[in-house]
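The same chain A turns up in both complexes below, where it pairs with chain B and then with chain C.
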Partner chain A sequence: MQGFLLTKENIKGLVSELMKSYRVVAPVKKETRFDFCEIEKFEDIRMDYDTTILPPKKHLSPPVETLLKFKRSENKAEPVFDNTPVALFGLHPCDIKAIRHLDQAFSENNNYDRHYLAKREKSLIIGLECQPYDYCFCSSVGSTFAKDGFDIMLTPAGDSYFAEAGSKKGEEILKSIQAKPAQESDAKKAEQFRAEKEKKIVRKFNKVNASTVKELMEKTWDHKHWKELEERCLACGSCNLVCPTCFCFDVQDDVSLNLNDGERKRLWDGCMLVDFAKVAGGENFREHRSQRIRHRINRKMNYLYDRFNSPTCVGCGRCVRACTVKIDPVEIVNELSK
Partner chain B sequence: MKPRVAFFDFASCEGCQLAVINLENELLDLVSHIDIVNFREAMTEASDDYDIAFIEGSVTREADIPRLKKIRENAKLVVPIGACACTGGVNFRKNFYELGEIRNYVYGESAKYFDTFATRPVKAVIPVDFEIPGCPINPKEFLSVVKSLLIGRKPEIPNHPVCVECKLAGNVCMYDKGEVCLGAVTRAGCGAWCPSNGSGCEGCRGLVDEPNKNSEKEVLTKAGLTVEDAVQKFRIFAGYFEEVKK
Partner chain C sequence: MVANIQEKSLYLPKLAKMTKKERFTDKEMFFEFRFDDGSNLNHRPGQFVELSIYGIGEAPISISSSPTQQGYFELCVRSVGRVTSYLHNNLNVGDYVGIRGPFGNGFPFEKFKGHDMLFICGGLGVAPLRSLINYTLDKTKRGDFGKVYILYGCKNNQEWLYQKEVEGWKNRADVETYLTVDKCTDSNWKGNVGVITTLIPKVNFDVNKTIAVICGPPIMYKFVVLELKNRNFKEENIYMSLERRMKCGVGKCGHCQINSVYVCQSGPVFDLPTVRKLQEAI
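Take a look at the complex of A and B:
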């Protein structure tokens, strides 16, 4: 598809165009960090953000989401769908890949999660090529660059941005803002930016890569390192809750004070929490923290590999950033492969 | 018939009862489902005929014991509310000192008139049915417990730490701001009240099951607290827990 060159002014035009028909969500400053929030004006956007507290997922599958409303007296329930069109602006390649994983998880095998898909079908993804920061390690899990999964992808090219459309919708939008077609030299600058980025990624798996990490995990089930992590981990669940590819949830019913009208909600859940693998009768399949970490890392590097044809960790580094004891998938993998 | 509900207070600041009174609008809805027969903070009459007893405050005197036993005999359900009643709360701190010494420190000359003993939570004296932790309790959680009791369902108090609610709220972690927080080992249910309002969790809802206290202590000392300060921090609210007593 044809490339365009967007000046900063064009980007501003793009955002105001989007704001006409979408709720625009973009990285904004939040105290000492950044987060994906709905913006009121272009100036709120921080194109230079490193990573966000929560992944953009929170706007497609919110932390707390009403699934249905019911009346106890009538034994009746009405599903609730929120399909307000949302434009997710400024997603880095890792987060774009993560959303592809969610799309698959919420629709494969004819299991359609209509609450997620209602929002997703009306959504738009505008990617933004990034610079590695202190915690990420995308090159080890094959998510450094996004080839698809976006409607528009922006890559810095000098003072402007090289823009590619990844969908019909994206192309129409780029045409509608009358962006200039890019020159060969602009494409080169974008290419150079990406090459520079790749060079700056320093956190890496030492001995395995995106395709072989799976085998390593299978060989290290009884490794002593899992026990060592038991001592450190607080089982706080933060690593799950900030992860763009964690999609487990808990379902709770809430009745109002008239004891008749109620809502069924789902809330993000996490496999590091003690009750996660507890079943009726009190049996807990993953009683120890070491078992839970081993599960989480295997879930990201091994278990779902065949289904997604890739690790399901996208190397965004949010889990390490959020962990107060800095438990780190890269350190774990490197320790296991020593 | 509407269930008859009574409130009682022991050694406390009455902040938990106030939290209930502050429900205002919901309180009016609530009283259409229950009869409040005993509530010193809000009414003068009192009755011995009730189904659910909410108890605020910790047990600090010999005389509290027969009073509690009486409540247990009268009520179908006994539900301690607040840190004081559930785990001894801040009052439990005195147990880390010699009793006579601390009594003199607090009451001075008149110490001899106050016959207090080591602080204990309600469950150390009588069996209890549920507990609503927190200092003060979360009024929303109180309501949801009452609703559960009314529809005959077991009330649910979360078994995960405050970090979960903090993350759902999208907060910047206190450690990212150079502050300390006990959220990772403290039972959720407050909606991460403190971090959402800019201060670290003090652990008022008590520890989660199986807290990794040693690792959390290390987190606190790495963030700049001395070991002694870290220990004291745990003792503000969690002194009753075996993990902290040790």
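Take a look at the complex of A and C:
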């Protein structure tokens, strides 16, 4: 596909173009960190962000989402779909891949989750090539670069950005802002940026890679390290909360004070929390923290591998940063493969 | 992603009217439901529904009636949580609940044809197995199966479910019914006392043509399987229905997951060779 070269002024033009028809969500500074927020003006955007506190997931599958509105007296319910068009701007390749996983999870087995998909189909993804920061390990899980899953991908090329369209929509937008076609030298600069990025990724699995980590997990089910992690893990669920590919949820009913009108809501849930696998009768199928942390790490590296044809961990490093006791998937995998 | 699918929610239940309510024990009640349009649930034995009460919540309940029972469906519900206690205490015949489903794989009864059937039910485990038992014993299906053995155990004599039907099974010439209580609390009880595994040596089944189907509390499976293995039962002829927290029923919410398997989609019925490959399953 043909590339374009976007100056900073062009990027500003692109964002104002998007703001005409989309709610534009982009990385903005929040005290000492960054987060994906709806922007009011182009200047809010921080193209140089390292990573965000929460992944962009929250704008497609919010922490609390109304599924149904009901009236108890009439036993009536109506589904609620929010399809406000949203443009997710400035996503790094790991987050782009994570959204691909969510797309699949919410549409698998002919079970189309319209609450997610209605929003997603109206959304736009503008990717931004990144530089590694302290916690990421994307090269070990195969998510260093995004080959698809975006409408437009921006890669720094000198003072400008090399832009590729990944969809018809993306191409139309790039044409509409009258971006000028990129030269071969611009493409080369972008290529060089990516090559340097890859070199700078230092946190890695020692002995396995994205395709062999599954095998390692299968062989280490009974490894003593799971028990050791139990001593450290507080089972707080912070890792679930910040993970771009955690899509498990709870459903709760919320009734208004008139005891008649109410909403059935979906809330983010986490497999590290003690009652995640507990049934009403009292049996808890993953009672111990060691079982839950083994479940979580396996779910990211092994359990869903065959469905997604890849680890579901995208190596963004948010869970390591969020963890009070610094439990780290890279250290776990390296310990297991010793 | 697939576009052009109409705006339909996976989570919107269909209303069903309670048409019967009967107390079995202190904790368990029996319910019959019907859809106003007269339609059937169209389930397989072994499947479950999500039963929903607006403002209270939703709970997975196994279907207790056979699909050969047309025009209605039956659930046997233990009062243990918000939804189930509300159903027990606040809803009555004529009231409506929401139903989603049926979900899950159900029993592969097509494969069971021509076999003898050994049902091993522990406590509330009789509820989902009754769906298959009633199917097997239905006069239009009975010829598809050989001998039928029903093993049913409860904690004590106050906990029998479907007591009248169990009497009916005992009186049928084509069914061998074996009952046991873990602890005898009725001085007139002349039956077996002991856990359900103590019944297995009493049954004279032919391991070459019998299918065993197990459902009960989580602790029960390992011991029943051991006892069946002692009788040289083939692993591939042992089936079980597993309990998990099936919150959404559509393979999304993650609560029912065992390793790579979402029980609400690939289960709750598994054969023993499959269960052997799943750590944490039993």
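Rule of thumb we're sticking to: the second predicted complex is superposed on the first by the 338 of 338 C-alpha atoms of A that agree within 3 Å, B and C clash if a C-alpha of one lies under 4 Å from a C-alpha of the other, contacts with A are read in each partner's own complex, and residues count from 1 in each chain.
Going forward, a residue touches a chain if its C-beta (ideal position, glycine included) is under 8 Å from a C-beta of that chain, and two chains touch if they have at least 3 such contacts.
Here the structure is a predicted model, which is why all the values come from computation and not from measurement.
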{"item": "Partner chain(s) touched by A:232 [first = chain B, second = chain C, both, neither]", "value": "first"}
{"item": "Chain B versus chain C as contact partner of A:303, first or second or both or neither", "value": "second"}
{"item": "Touching partner for A:255 - first (chain B), second (chain C), both, neither", "value": "both"}
{"item": "Chain B versus chain C as contact partner of A:322, first or second or both or neither", "value": "first"}
{"item": "Touched chain A residues, chain B compared with chain C", "value": "C"}
{"item": "Touching partner for A:75 - first (chain B), second (chain C), both, neither", "value": "second"}
{"item": "Contact residues of chain A, present in both the chain B and the chain C interface", "value": "255, 259"}
{"item": "For the chain A and chain B complex, residues of the former touching the latter", "value": "30-33, 35, 53-54, 58, 63-64, 231-238, 241-242, 254-255, 257-259, 267-268, 270, 273-275, 289, 322, 324-325"}
{"item": "Residue ranges of chain A touching chain C (in the complex, touch as defined)", "value": "67-68, 70-72, 75, 77, 79, 81, 103, 105-109, 111-115, 117-118, 120-121, 221, 247-253, 255, 259, 262, 264, 269, 271, 276-283, 285-286, 291, 295, 298-299, 302-307"}
{"item": "Complex contact set, residues of chain B against chain A", "value": "26, 29-30, 33, 143-144, 147, 150-151, 159-161, 163-164, 167-173, 175-177, 183-185, 208-212, 214-216, 218-219"}
{"item": "Chain C residues within the chain A interface of the complex", "value": "1-3, 5, 7-13, 15, 54-59, 78, 80-81, 84, 96, 98, 217-218, 243-245, 247-248, 250-255, 257-260, 265, 279-280"}
